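Shared between the two complexes below is chain A, which pairs with chain B and chain C, respectively.
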Partner chain A sequence: MSSSNTLLERRYAALGLMLIAPTVLVFCAVIIYPLVSAIYLSFFNIFTPTLEGEWVGLSNYTELLQTGQFWSALGNTLIWTIGTLSLQIIFGIAMALVLHQNIWFRSLARSLILFPYFISTVVAVLVWKWLFNDLYGIMNHLLISAGIIDFPMDFLGTMPNAMVSVILVGAWKYFPFVVIAVLARLQSIPDALYEAAKIDGAGPIARFFDVTLPQLREVLVVIILLRAIWDFKEFDLIFLLTGGGPINDTQTLPLLVYQEAFALNDMGRASAYAVVMMAIMLVFMIVYIRRTRSEGGS
Partner chain B sequence: MAHLRKILFNLMAWSIVLAVAFPLFWMLVTSVKPQFELFRRPPTILPETWTFEHYWTLLADTNFLVYFRNSVILSSATTLLVVAVATLGAYSLVRFKYRGRESLAFLVLFTYLLPSVVLIIPLYLLLVQLGVSNTIFSLVIAYTTFALPYALWLLRSFMAGIPEDLESAALCDGATRMGAFRDIILPQLLPGIISTALFTFILSWNEYLYALVLVNSDSSRPLTTGVMNMLISSFNIEWSLLMAASVMMSVPLIIVFAFLQSYLTRGFGAGGVKG
Partner chain C sequence: MTKRSILANSISRRTALQGLTATTALAAMPIRARAQSNATIRWWSPQASPAQVAAYEFQIAQFQALHPDITVVFETTSDEGYAPQLAAAFSSGEVPDIVTHLPSFAVQSYYANGLVEPFNDVIEAIGADDYFPGANDVFQAADGNYCGTGIGNSAANMMWLRKDLMQQAGIESAPTTWDEMRTAVTAMQTGGLYGAPLPYGANSMTSLIFIGFIHQAGGQVFSPDLEVAIDNEGTRNALEFYREMREFCPPGATNYSWGESLTAFVSGATATGIYTGRVLANVRDQNPSIADHITCVTYPRMSEDIAPWTFNDFPSVFIPAQSQQKDAAKLFAAFLFDPEGYIQQLHAAPGHVLPVLQSINNSPLYQDNDIIQKYAPEVELMAASAAGGYNLGYESADHASNEKAGEIIGSNVISELVQRVVLNGDNVDEALGAASATIEGIMQG
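Entry: the complex of A and B
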């Protein structure tokens, strides 16, 4: 009996391997191979148009650590990530609390809030470029008629405006993610907790800090890690809004990799940038992965 | 008193919602204004003259329809490929026991978080060497790099939510493992498959970086880079035309939103933020 059981188990294991085989195959071809290859390439000097190159050892790495551009890109990446992430979190929680209430046409409100997250970054950028337009944009018109500024403002071409604009558009585009995740968690907080707090005489603000926030803690950690990883590697939004400019003042690491590989035509150097960037992200990724796995895999 | 507070709260809530949605409203309004009305000071909130000329120009005089067709082919192909592979893979990862299964699940999550700029240079070299660069096919290959880990991760959590008893019962009744998969698991997994497919489709529809690097001929460009090119290459920017393009580009999303929203929210909960 036991031998037939193990036979069945073995056959099941073989079937399991067969089912995962296509996945493994695709993974090896389009993810593992390029990943290893990126690390390998970072030891070369490769001229993009001809794709010819020579082994240069670690010099890509030593050079990049000495150039100011890497450090300023890293600084920009951190400013962008921290700025947009905190706005996403604060605004996301606030919006989730509002949408958790029984407001009129709640599902319509929810769809409207979700929409920026699902539209293409290209669409978002086109719309915001039009809003930000210096001559005919509605932003300048509104700010001038409200008396906040006297002359049309250049939102994307000067500093610090460009960084602030990019951070704000990023927050607008990605805060719905926080809203939905927090909203889902809010709905599962038992009402009894709020009742108990009410009986103890806690006002709405005290209830938020004593009941809601502790209940949200777990999900917030996960959201912050995920969003930090995604914001850190964001390319489309910044590239399309400012292209890294003015000069290089909004150039983040992903933009630097792109520039190095496809504008300055040095794929080896670009790979080195990419590998260093990945090494920095690895810290967040490992924390996130360990968290998800300790929760039992789902 | 409580009534008044409720009204005030609603007004406040809705003004925030409308402020967030304003850029999208403005996109719609701009796309139906005649060109000269855009330069009006102060701007008109609702168009004085409604016109659909920009939509006609877009369809008749630009490459928009080609880009649109390319995007439909590209996103559908990616979605079909990825969902098929990931459904089998997720079934294997959740319901079978073999060595290396745990490390595979770890690898999936890792690649789900991996930045595209790391993979893009070797992928570019690989696709050039294979001689398939500049084709829609090359983009399908590139898109699996982010779509497959994503779909696997989503489907894995959907699969984990299906009770094991049903499958065991079918196996006791003499069903084969694949028979049980077809008759028991697949029907139960269908909502999960639909929302995974929707998300994969949206991800592919919106992708920009790979399309920018891998394709530079108008015949195989998807919408994202195609429409962006209309901005960059135009001598004087026609904002109404660009807004019309943006609206048209978002039409599939609006359809998904209107009819399949419950699938979207379901997928959202499963996508790694299950606290």
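Entry: the complex of A and C
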């Protein structure tokens, strides 16, 4: 009986391994292999089209840490991430609060608010580029019509306009994610808490800061960590809007990786940038994992 | 519960796994392996306006009718995007089988790295004697082979003018020098109308156009033996003039590339333009009200003592060395010059891509086009200018072929120089020093 159980257990264990094997293989192919490959390539000076090159050890890392371009791109990445994430959180909470109210067409509004998040980044950027256009854009037309400016404003070609524009478009594109998550949490806050606060004489603002915000704390931490990771590695929106310009003032680390790999054809240096980026993102990920673990435990 | 028993009775776990494995293996089988009997050629080009794509489809249909065992698939790339796309294609081995309309310097760069198939036999098949004299010189590599051939010529920095606006502003003749140009755009720039759509963006157009300004000031980026020589008086004068011209360009010119610059002139937002002959078809289709008032000249230079310098990217045809369908691709490459299809392709953007074959240029079929007839002097001027044109890979007849030109353009070092001086107001010496050092690094890298 005992040996039969053991045999059955072994068979189940083997079956389990077989069933999990495809997942493990896919994971190795799309996560582990590129990761190890990037680390390996970062020790070489490699010409991208041929992938031929020579061992250079740590010189890609020492060079990138010595060049101003890396630090400038890191600075831009942080400005972009903090700027757009802050706006996403503010707009997202505000909109979630509005959609939580008993307003007309609430279901329709809840559906429409997701629109920016669902449309393709390429389409969104094309629309915004037209809105920002100096000659035909509605933004300049409105600003001139309202007498706010006399001449068209250059939204994407000068600083700080370019960075501000990119941050605003990023916030518009991604704030619906915050709306969804916050709205879900809002719906689960017990009404009794608000009633108790009202009895204690708390007004709407006090109720928001003393009841709503503390209740949203856990979900906001997760949203901020997730969105920080995603915004930190954002490529397409910035690349399509400004290409990293003017000069390199909106060039973030992902754009720098792309430029090194495919414009300058230096895959080794690009891999080094990517590995350093990954190390920075690892910090966010560790915080996120610890956070979700502690939540799971509690 | 019921579902589970049915499943358990009909299909064993082992059978299910075997089925899954077989399906996965079938799905993972390369398409190439399943289609070995037929050759499929992938054709890339950044020139893909609807009319051009229609012409390509015509050529493909004609070719496939002659060669039923070969299928040609057209795929679009872009002027700003081809370098990264091809770099990824070369490194992955998933290359197109034929590439057209890329600048000659890009082909030279790829050939120097062993990525391009010699093209001598295709040129012979097309008819080497039929080319305009010297048309293939720019494609001759250091080893004596041809790395590709021209599928056309282009005069990319022609100055486009509005005769009606010139007349209104009292400008009697087209400007030939920078002083005359400054006077003309000053007179023509009125409320809502800008003088010129010069590009100031961090992109290849700014780099390529500004290289023209350097030469129009008597300067050069490299010496004939390819020593970095961008830090010269001509470049300084060009930077100064380019900075002066900023006030005559739309505010958004700081982000302009080819499309925006073209649209600015065609839409009537600027009094002058800087582009190829694509202006002609776009004006006809998009703004016919100005069609009778436009003309073009070679772009003004600092003084009349300096010869005009026309930027010709020498739109090319080449075949990647990694292609698995080289023979079919060569057949198709030669067929692209078959008169009926080639003329249709040229007519898709009349004056934009100009013929490289004398027999085509002289053909009544080619001349029988409303735009080519209406703007005959302009087309003739563009053809002559393009024939004597240059680019960074071929700065002058005295210059050696520069295999690093593509990477220099791709690095945006020259457009960054323009932006630093014009937009940031950086010190010219420092900006030029930094640009020289970056170019030097690319040359040595």
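One rule holds in what follows: the second predicted complex is superposed on the first by the 284 of 298 C-alpha atoms of A that agree within 3 Å, B and C clash if a C-alpha of one lies under 4 Å from a C-alpha of the other, contacts with A are read in each partner's own complex, and residues count from 1 in each chain.
Keep in mind that, in the parts below, contacts are C-beta pairs under 8 Å (C-beta built on N, C-alpha and C of every residue); 3 or more make two chains touch, one makes a residue touch a chain.
Computed from a prediction, not measured in an experiment: that's the story for all the values here.
J.: Per the contact definition in the header, classify A:T50: touching chain B only (first), chain C only (second), both, or neither.
T.: Only chain C is touched by A:T50; chain B is not.
J.: Would you sort A:N133 into first (chain B), second (chain C), both or neither based on which partner it touches?
T.: both
J.: With both complexes superposed on chain A, which partner does A:L15 reach: first (chain B), second (chain C), both or neither?
T.: In the superposed model, A:L15 contacts both chain B and chain C.
J.: Looking only at contacts as defined up top, I'd like to know whether chain B or chain C touches more of chain A.
T.: The partner with more contacted residues on chain A is B.
J.: If you stack the two complexes on chain A, which partner ends up touching A:I103: first (chain B), second (chain C), both, or neither?
T.: In the superposed model, A:I103 contacts chain B only, not chain C.
J.: Figure out whether A:A146 sits in contact with chain B (first) or chain C (second), or with both, or with neither.
T.: Neither: A:A146 stays clear of chain B and chain C.
J.: Tell me the contact category for A:A279 with respect to chain B and chain C: first, second, both or neither.
T.: neither
J.: Should A:P246 be classified as contacting the first partner (chain B), the second (chain C), both, or neither?
T.: Touch status of A:P246: second partner only.
J.: Considering only the touch criterion stated at the top, classify A:F262 as touching first (chain B), second (chain C), both, or neither.
T.: After superposing on A, A:F262 lies in contact with both chain B and chain C.
J.: Name the contact category of A:A38: first (chain B only), second (chain C only), both, or neither.
T.: It touches chain B, and chain C stays clear.
J.: So which positions on chain A get touched by both chain B and chain C?
T.: Of chain A, residues 15, 22, 51, 133, 135-136, 258, 261-262, 267 contact chain B in one complex and chain C in the other.
J.: List the residues on chain A that touch chain B in their complex, please.
T.: Those in contact with chain B are residues 9, 12-13, 15-17, 19-20, 22-24, 26-27, 30-31, 33-35, 37-38, 41, 51, 95, 98-99, 101, 103-104, 107, 109, 111-116, 118-124, 126-131, 133, 135-136, 138, 141, 145, 172, 180-181, 184-185, 218-219, 222-223, 226, 229, 232-233, 235-236, 239-240, 254, 257-258, 261-262, 267, 270-271, 274-275, 277-278, 281, 285, 288-289, 292-293, 297-298.
J.: Considering only the defined contacts, which chain C positions touch chain A in the complex?
T.: On the chain C side, the touching residues are 13, 17, 24, 83-84, 86-88, 90-91, 110, 113-115, 200-203, 250-255, 264, 267, 269, 407, 410-412, 416, 419-420, 423-424, 442, 445.
J.: For chain A, which residues are in contact with chain C within the complex?
T.: It comes out as residues 15, 18, 22, 47-51, 132-136, 151-158, 242-248, 258-259, 261-267.
J.: What does chain B use to touch chain A in their complex?
T.: Residues 9-10, 13-14, 16-18, 20-21, 23-24, 26-27, 30, 38-39, 41-43, 85-86, 88-89, 91-93, 95-98, 101, 104-107, 109-111, 113-123, 125-126, 128, 141-142, 144-145, 148-149, 152, 156-157, 160-161, 177-178, 202, 205-206, 208-209, 213, 223-224, 227-228, 231, 239, 242-243, 245-246, 249-250, 253, 257, 261, 264-265, 268-269, 272-275 of chain B touch chain A in their complex.
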